[in-house]
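What follows is chain A paired twice: with chain B in the first complex and chain C in the second.
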Partner chain A sequence: MVTLTRAATTRRRTTIAGRDRALPYILVAPLVIFVIGLGLIPGIFTAVEAFFRVTPFHPPTQFNGIDNFIALARNSAVRVGAVNTLLYVVIGVAMATVLGVAMAVTLQRPFRFRTAVIAAMILPWALPGVVESVIWTWIYDPNSGVLNSVLHSLHLIDNYQVWIGNNRLVAITFIEIVQVWQMAPLCALLIFAALQAIPNELYEAARMDGCNAWRAFWRITLPLARPGIAIAMVQAVVNTLNIFDQAYLLNGASYTATSLMEQTYFITFQNLNFGQGYALSLVVTLATLVLSFLVVRLVYRKVEF
Partner chain B sequence: MKLSKLIRPIGIALILLWSLAPIYWAINTSLQTDATAEARPAHYIPPAATLINFRTLLGIGKVITGYESVPDTIRRGLINIVVESAAATVITVVLALLAAYAFARMTFRFHRVIFYAVLATMALPAYSTLIPLYRIMISLHLVNTYTGIVLVYVSGFLPIAMWVLYSYLNGIPRALEEAGAVDGASRMQVLWRIVVPVAMPGIIATATITFLFGWSQFLFPLVLSSDSSTQPLTVVIASLQARHSAPFTLMNSAGVLAIIVPALITLLLNKYVVNGMLAGSVK
Partner chain C sequence: MQEPPAAMLRAFTEQTGIKVTWIDLGWDDLQTKISTSSVAHTYFADVANVDWSRVGSYAKLDWFYPLGSYVDTAALKKDLPQLDSFLVNGKLIGVPYDADLKVTTINRKQFQAAGITTLPTTMAQYTADLRKLKARKISAHPLGIPLAAAEGLSTYWYQVTAAFGGRTFDKSFNPTFDSPDSAGYRALQWMADAYREGLVSGANINMTDVETAQSEMAKGSVASIFSDSPQIQSVYNSKQYSTVLGQVSYLTTPSSPAPPPDLSTPDGAGIPRTAKHPQAAAKFINWLVQPNIQAQLAGLNGTDAPQISLPCSLSAVSELVSHHRIAEGSTVISMLKNTVRPVFPGGPPVWYPQFSNAAYTAIHAAVSGQVSVGSAIHTIAQTARDQKASTS
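Take a look at the complex of A and B:
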């Protein structure tokens, strides 16, 4: 009886499939055309033209080997941007991961209004980075910013401070806080989802064995949340390595906290040196892929319950 | 013991403070004039709430002197951001649904190759194709057009949208569709009459995150629009800030104006946004 039904089902499926062989191709065609035309081909462009001299107002375009990369390495703004971007990545990934874990653990057990708290938590994720940068520029304002006002009222600072100023590490940290504000909710949500899969019996068994909440966090929660933490960290790596909106609005064109993506923009659309822009894009893309891969290798562990 | 009982309420309070305080601060500032907003210490609630900033931005009644030209660009930016985000969302969701349905329910040659090739593009940072896309749009004369911006948005959002919808369709039992097929309905009728209604939560989730992505765009529209005709509100606000002359009360009001729509979507369609974020796990 079972085999009979299954055979009937299979036959039915084949007749449906046979009815219109071209249909699946027609259905995926628009997607494929978009991905090839505006994804794959531009990607190949970037990879190839990184090795060409491309300046729209001084043709012709010609092969110049690794000249673009050498010029970038000699460009002090790019060198500063590279170090800064590394700082953005380290500071941002660390902050987003710690915050993500902390928020996820806070939300782990159900409570009244948890859905509402999650709604409030993801709000910064949903807003444009540009607008968030405008809002935080004012929060950080050296003359009348609320951060200075609060810290001064609490007697934590004697004078109003310039947060986004000449101190590179301070400026980068405060700009990165704005990006973390935007991306930490996604990290928290991904880790939160991983935590929801942990069976409660594990915690009960640990408690029976005299394990306190702190140890349960290190021994159960953290190890079993690793798949979620890995995905969250990859998101953070991609975002921080490609930081643009926040750096562009809070730092402007100054050297201090400039990022590689900002330099790509300036080199390409202000200096109109497309070849070097391609080369820098390629470097950032490769760095993103390598670093994402490393994070997955180091952090990701398959978890089975 | 008592301390451990307090940890969670404190944690929840900190989450709310961290997430909402900056937004509150923007609203608080947007309702003040520069005179009160620049006070030390700051006013934590507006001492004399005013709508002058919003009036100036939208060009309603009396405006701040010297900013008479602002309403035109702001209104244009608002129209542009709505048109571009909405158009990109509709096109992305329709095309992604068609492809996801084919991948989830049909067998065809190169099925796996195409599927994984599309997913692989999601690993690349969006900005890796910025410059070539700009040059392609220049050569197609699509700079400063809705078409150019929307095409770029759709190409960027399609793989994620397809993946979210594919995951959703895979979670729906096929029995219903097979019953429909027995009744003689064609594949497209099955998709439209049976799959779409059942998959509606997944479609809404995809649409909400796609729309939010569109609303957040900055660098792509900055590069693809050199004048205000197609600049979305994000680009308009950035150029207003770049002029350094605009008072901060006005900038914060512009910010508040730009976050009303995404904030409402996130709060009202919360369940769908969360599902979309988890299924797509991007941005």
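Take a look at the complex of A and C:
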């Protein structure tokens, strides 16, 4: 009886211990299924199909080696899109990082309504890119846009300007401002989280040693926020490399500011050349991985307090 | 097209027992939906919008049912002058339900103020008149062209090409626009010159659609749109939005040589191969294009805004004219009867999307001065040749 009871207790303990061990796997299972089903399998499929001719105009699907990549390299629109996308990345990552750091530092010390400010900051991030682009279309409008109106009222311009038109650098910068408006709040929050971990004592000690706020920013804040800055920069790299909504709505298909993602869309869904679409997606994915790795290597530093 | 009023759809359901669920999608979203569902053989709708520019590829890929056995093509042809835009090698891919054609509109008052007493009938005279409007400061930028790199820019070029007495392709889809004296070359040169001379506002370089040009004309800042779209409720006659009430009218497209064309760019309805209820879909399409339904959708009986921009049915337009529900209705009827014609007789080529993309990006680049007109023409022609070779 006793033995039986002991055995039952042991079994129950084993069951509970087993459940405890299984719990993390159960909790993480939906995410794993999601990642495998919607990320990994389509990713592998894309990588494989990139080496096949896949188009409903020329069935059946056939292995064609690196023909898709050669065709893309010869496509002038893709080449222009690649250069433009590089500009989007450089301009966008720089602006989002600087703005993110500035916003995070502003929020670093508690002030009245800080929570409300943080909540308001999130709004642009929560808006769909299409909605934002429509809003900014009105702001940039060359005939009746707010930007022209304000600058003209301040006597900063003589005539209303076409912001997104002929000049590649100007057009890309103005389109990138829209994307930065969306992603800077997330950058700020990531950096803000890193700043919150910096002990106040460090600033107090620095102040006692005669360090002013500017030097404290360069010597304490920036170095210790590097993990947060690196993550923020990586998400900025991913977003800018994949820019589509803003470029398409504000610029159309014009070479002035067309992006690689726009070309992926045109090749895949307009030209129905799925093989080349997969190949271009693969190129963008690899570029994202390489650039993200570089950012992590250059910016990320392990910080211990 | 907007969703038909609930009462009309209810009446259709009572009549046929078919329930209609209407879903609005953006143009780009719909194209993606059609291609993905057709490739994956999955259902997405029983009836879908068919764009005139896609009928060539839809016919080749067999993504839509040929409608010959579902509708009375001969009877429809008598009342729907834009039906030809959906015919590819005798296969009817869609039926037009919302008419659209390219026409020239002018502000008569502004033309008169510039001392223009005879309305232009040739491109040379039209251009001279636009210059006069600018020189006499009647309008700083008298011509409205939406110059953004989008589908509308290609269509604009086809219309100007037609006005210069030519076509984009010969019957075998060989480009006919690559010599400097060809109509297509001269058309692009004309567009680029108009922009550089300031006949077109610099702001238009990123203007996507003709609606924006129309609102500029309704404000009086533009005196003419060469490739306008006639509508039942024209913004020019809107008391709310227009400062040029009663001043804007259609102009027979300036052209040399005659007869002038009005290119047809209608929206049609078709039945995807993946439809679950093709018979019910056919009944709905037949209902949608009935003259009385078209007239109702155009706002004949109600005070609400019309659900379509212009009926595709001649009978429906005639009924609207008799009830004084459409401005310059007799001119619209005349255009639909006599001068309207498909952009590509016999249907667009299967590689039209690639061609159009190359055309509007190159035209945009030429007009904005990034490349020369000759270089843009070369790019467009080469795309046509490459695509033709790769699909033949």
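For the reader, a short list of remarks on this structure follows.
Keep in mind that, in the parts below, the second predicted complex is superposed on the first by the 270 of 305 C-alpha atoms of A that agree within 3 Å, B and C clash if a C-alpha of one lies under 4 Å from a C-alpha of the other, contacts with A are read in each partner's own complex, and residues count from 1 in each chain.
Heads up, the rule we're going with is that a contact is a pair of C-beta atoms (placed from the backbone, for glycine too) under 8 Å apart; a residue touches a chain by one contact, two chains touch by 3 or more.
Because the structure is a prediction, the values reported are computed rather than measured.
Annotation for the three-chain superposition on chain A: chain B and chain C clash. When both complexes are overlaid on chain A, the residue A:143 reaches chain B and chain C alike. When the two complexes are overlaid on their common chain A, residue A:40 makes contact with chain B while staying clear of chain C. In the superposition on chain A, A:135 contacts chain B only, with no contact to chain C.
Contacts of A:208 after superposition on the shared chain: neither chain B nor chain C is touched. In the superposition on chain A, contact is made by A:264 with chain B only, not with chain C. For chain A, the partner with contacts to more residues, out of chain B and chain C, is B. After overlaying the two complexes on the shared chain, residue contacts for A:272 are found with chain C alone; chain B is out of touch.
The clash between chain B and chain C in the overlaid arrangement falls on one stretch of those listed (26-34, 44-52, 80-88 or 224-232), that is 224-232.
Counting contacts as defined above, chain A residues 141, 143, 160, 252, 269, 274 meet chain B in one complex and chain C in the other.
Looking at the complex, you find that chain C touches chain A at residues 28, 31-32, 35, 38-39, 57, 60-61, 148-150, 201-203, 205-206, 208, 216, 350, 353-354, 357, 360-361, 364-365, 368-370, 379, 391.
For chain B in complex with chain A, the touching residues are 4, 8, 11-12, 15-16, 18-20, 22-23, 25-26, 29, 37-42, 95-96, 98-99, 101-103, 106-108, 111, 114, 117-118, 121, 123-136, 151-152, 154-155, 158-159, 162, 178, 181-182, 186-188, 212, 215-219, 223, 234-235, 237-238, 241-242, 248, 251-252, 254-255, 258-259, 262-263, 265-267, 270-271, 273-274, 277-278, 281-283.
Contacts from chain A toward chain B in the complex involve residues 9, 12-13, 16-17, 19-21, 23-25, 27-28, 30-32, 34-35, 37-43, 45-46, 49, 102-103, 105-107, 109, 111, 115, 117-132, 134-139, 141, 143-146, 149-150, 152-153, 160, 181, 183, 185-186, 189-190, 193, 213, 231, 235, 238-239, 241-242, 244-245, 248-249, 252, 261, 264-265, 268-269, 274, 277-278, 281-282, 284-285, 288-289, 292. Residues of chain A that touch chain C in their complex: 56-57, 76-77, 141-143, 160, 162, 164-166, 250-256, 258, 266, 269-272, 274.
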